[in-house]
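Quick heads-up: structures coming right below.
Next, two complexes with subunit A in common: one pairs it with subunit B, the other with subunit C.
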Partner chain A sequence: MQLTLEFGGGLELLCNSVKIHTVDVEPKAEEKKLTMKHLLSWVHTNLIKERPEMFLKGDTVRPGVLVLINDCDWELSGQLDTVLEDKDVVVFISTLHGG
Partner chain B sequence: MDSNGVSSASDIRREIASLEAAKAQIEDRISTLQAQLSNCSSNGRAKEEIEENRFSAPSPTETISDGQLSADMIYRYSRHLLLPSFGVEAQANLLKASVLVIGAGGLGSPALLYLAACGVGRVGIVDHDVVELNNLHRQIIHTEAYIGRSKVESAAAACRAINSTVQIVEHKEAFRTSNAVEIMSKYDIVVDATDNVPSRYMISDCCVVLGKPLISGAALGLEGQLTVYNYNGGPCYRCLFPTPPPTTACQRCADSGVLGVVPGIIGCLQALEAIKVAGAIGEPLSGRMLLFDALSARIRIVKIRGRSLQCEACGENTTLTPQKFRDFDYEKFTQSPLSTSPLKLNLLPTNARITSKEYNERNIKGEAHVLVDVRPSHHYKIISLPKSLNIPLASLEARLWEISAALGRDEGDKTENDGSSASLYVICRRGNDSQRAVEYLHKMGFTSAKDIVGGLESWANDVDPKFPTY
Partner chain C sequence: MMAGEGSAAKPRGGRLCTICNGRRAALKRPKTLEQICRECFYEVFEDEIHRVIVDNHLFKRGERVAIGASGGKDSTVLAYVLSELNNRHDYGLDLFLLSVDEGITGYRDDSLETVKRNEIQYGLPLKVVSYKELYGWTMDEIVKLIGLKNNCTFCGVFRRQALDRGATLLKVDKLVTGHNADDIAETVLLNILRGDIARLSRCTSITTGEDGPIPRCKPFKYTYEKEIVIYPYLNMLFTYAYFKKLDYFSTECIYSPNAYRGFAREFIKDLERIRPRAILDIIQSGEDFRISTFTKMPEQGNCERCGYISSQKWCKACVLLEGLNRGLPKMGIGRTRVLDNERDKDTRQTNGTKSIESKQCGTLDF
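The block that comes next holds the complex of A and B.
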């Protein structure tokens, strides 16, 4: 299925400084649905070019990264268990502290 | 220079500096007197001096008699009063409100200017820093005349110059757990315009302890973020970020750069949210976050989680009290310092390091050497030492052969490099990356590599005062 993935707040530096990626991701063969858990490992394998520890910690995103699915915090949709649909927009953004 | 009574450049500079200091003092005094004058003319009654306030601007309640605005106020704020959705009620609310702005930098500058201009009754400013030339591209509240002087004094003078009827309170100190509760308890609304992680946790926790809404903004590079915490049952900073980010993920404007107008935009939006909360109008940005991307001209407003029942600060079983807050070590919790002073690593033994002065002496003596500058290439383009070889730290591994070639020997015999005639020195901006590079070079067999202590900054301080710093 087609997804739009966006990286911001400096996370784009981990993917060759490209902020917006339009990608095709299929669910694992044994599963019918594509979950955020699978998407994270897909991103790790396919998009993250350097310092993966700046993106992931354990099987989820590192502290200080917000995940937004269709402009909504993934905490509200079940985090790693969120089931994605075609044309979803997933934003990964690192919080800023500067001023 | 010459002996005909013509001053040298340094004399002229000194005189300009002393005249500017005198001019700033006079301007300060004028704004004080103007504040006093408008106080005398608009209201004849005696005023009580507010504790920290050296100036006797009218306190907002005194300017509203019988719920009516004075003639001066009606005229000054007429464009607000004409707005049906704002009107005299919201303006009266602003005049009665007090806002604490923590940080008089890139975010605080426009926020303070608008808060003073719009007639918030009392505005407090907290900062311990002084104005520097490299602040002025974004910290638009400060002027050249204030370089070297307190940011709080400078910002307060600018606010008074715009609106002498607003009470400006100067807190010339760092915001710390020891003074936070005392300072913040005197205000209704808090604007977080700081620039580091521990301050953000500390300010949010203090707002939770005291029940104050928090207008939080941040900017870096070409991006900005904005939200309102601890407002009307909404989340606090810890609800969103229960665990601090790794220190390597916390970039600073001084390292990563920031386009001046970006914090300007976020600071303006912080003023707007503070005005909405203070004026009791509209829908403050609580439970939502605004994400601003300047380069692609995109603004995204996203829905964020609500208050977390498990939150250590504002959740059901919280144990956060003023006392616990005072004792909490935010620097330890976030593993990063409250002050924004740059990191000073010490990775190498002294015999693997040399001072910039010593390097200069060796260079003058004509010692055969290779100088590797490990800063990113866009830094190198700003300014560099002559004949230095730019190999950014990130590409050092792939480009070791260039160092070998420059040292005039084969890539193959790295292990016997001590016999090589040319020495190898490594420099960077402040002397941290150069140590990391030397550590790596030693591991790869370049055992004579030495870093230049303190980098180009120390070169500018100790060897060549004309060398640009950034």
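The block that comes next holds the complex of A and C.
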């Protein structure tokens, strides 16, 4: 399934300073649907090159990292349980850097 | 191009906006937990800042106001919103952008480029003051001399003065900064942790330094960082191409980050996740602190050397500068027992209560 991932607010520094990634992610073999929970671990394994603790804490994003799925706050769509679909756009923005 | 441009993907979650009840919600407001759509969001976001400005009498018609602009998210959004509100509600303000160039290659030179773009986009005149011209030293040169430890002390002390001096050069009546609710909550905690009663009593004031030459105010005092960060992403009054223009610079300073503040910051974010109102409540707690009249407060005077406000004979910047110029860069770093003792003596000699009355916190009492 094709997804567009955007990293902003300094998070792009964790993935070779590339802001926008067009990626192909498949759901886990035993699951039919791709959830945000799985996407986060996929991003951790495949895109994050350094300091993963700036992005993740436990099994979710670090507090202070905002997530938008198709321009919508992920707090409205169920956060980790949000089911992703083909062509979805997921934006991660850190609020932890200077003002 | 932003990733979202032309995206045909549909939003997840079908809840309607609790304000207009017509459009799909796009954001959960941390302040109220309301689920609202993007259109209602930018309306309430801008209206709340307008209310804060009006209710607190932050500006008077005809004033010249400098916006402390770092090129970061807060000051970039502040410059945009303030110039919008100034036009929309006819505040009658003359707005300027004021930036400080610390002389950090690969960090500040890049973020200053962002501010220069903002100058053109919003049509606000920009003034840049540099550490080099004010103090004779760039941060690069200071770090070369003193190393990566303590360099934030120099930078912080110098920046505060540099903004005041730049504001004086611009002949403005006020200086506004982009400090948001999260920043202020963080500062309340830090001042408690440091036992810095004088700063604790003034860090929550929306306007400070009214007795000084240039008062400072914080129109984002009640604005959550989450909303400031999300604002450029959701503001659909403009196309995404425009958003790209509301660009801000978000690289961390290349010299050592402030670790102590970092912990406080992370703690605030952890609290926010559990209970978003905690941020406003910490600010409220800071506001409601009452400082005992028996507490000795540093007496505000002027630096004998440069005239800047100082509770000591020399202001911190002059002490640090003297150290640099004499090749004793440790001077003024950390707690200097002798100076503290002298200050205590001074406070004891001058009548304690009188010195408290001259402070902003002097009116606070049990």
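Definition applied: the second predicted complex is superposed on the first by the 95 of 99 C-alpha atoms of A that agree within 3 Å, B and C clash if a C-alpha of one lies under 4 Å from a C-alpha of the other, contacts with A are read in each partner's own complex, and residues count from 1 in each chain.
FYI, a contact is a pair of C-beta atoms (placed from the backbone, for glycine too) under 8 Å apart; a residue touches a chain by one contact, two chains touch by 3 or more.
Computed from a predicted structure; not experimentally measured.
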item	value
Combined model on subunit A: subunit C and subunit B, fit or clash	clash
Larger contact residue set on subunit A - subunit B or subunit C	C
Touched partner set for A:77, first subunit B, second subunit C, both or neither	second
First (subunit B), second (subunit C), both or neither touched by A:34	neither
First, second, both or neither for A:43, with subunit B first and subunit C second	neither
Partner chain in contact with A:85 - subunit B first, subunit C second, else both or neither	second
Which of subunit B and subunit C A:61 touches, first, second, both or neither	neither
Which superposed partner A:9 touches (first subunit B, second subunit C, both, neither)	both
Touched partner set for A:93, first subunit B, second subunit C, both or neither	both
Superposed model, subunit B segment overlapping subunit C, candidates 202-210, 346-354, 400-408 or 436-444	202-210
Footprint overlap on subunit A, where subunit B in one structure and subunit C in the other make contact	8-10, 62-64, 66, 68, 71-73, 75-76, 91, 93-99
Touch list for subunit A against partner subunit B, complex	8-10, 19, 53-54, 62-66, 68, 71-73, 75-76, 91, 93-99
In the complex, subunit B residues that touch subunit A	103, 105-108, 193-197, 200, 217-221, 223-225, 240-246, 248-253, 256, 258, 263, 289, 291, 293, 296, 300-305
Residues of subunit C defined as touching subunit A within the complex	2-4, 7-13, 15, 24-28, 35, 38, 70, 72-75, 178-180, 182-183, 225-226, 229-230, 233-234, 250-253, 265-266, 269-270, 272-273
Of all residues in subunit A, those that touch subunit C in their complex	4-6, 8-10, 13, 20, 62-64, 66, 68-73, 75-78, 82-83, 85, 87-89, 91, 93-99
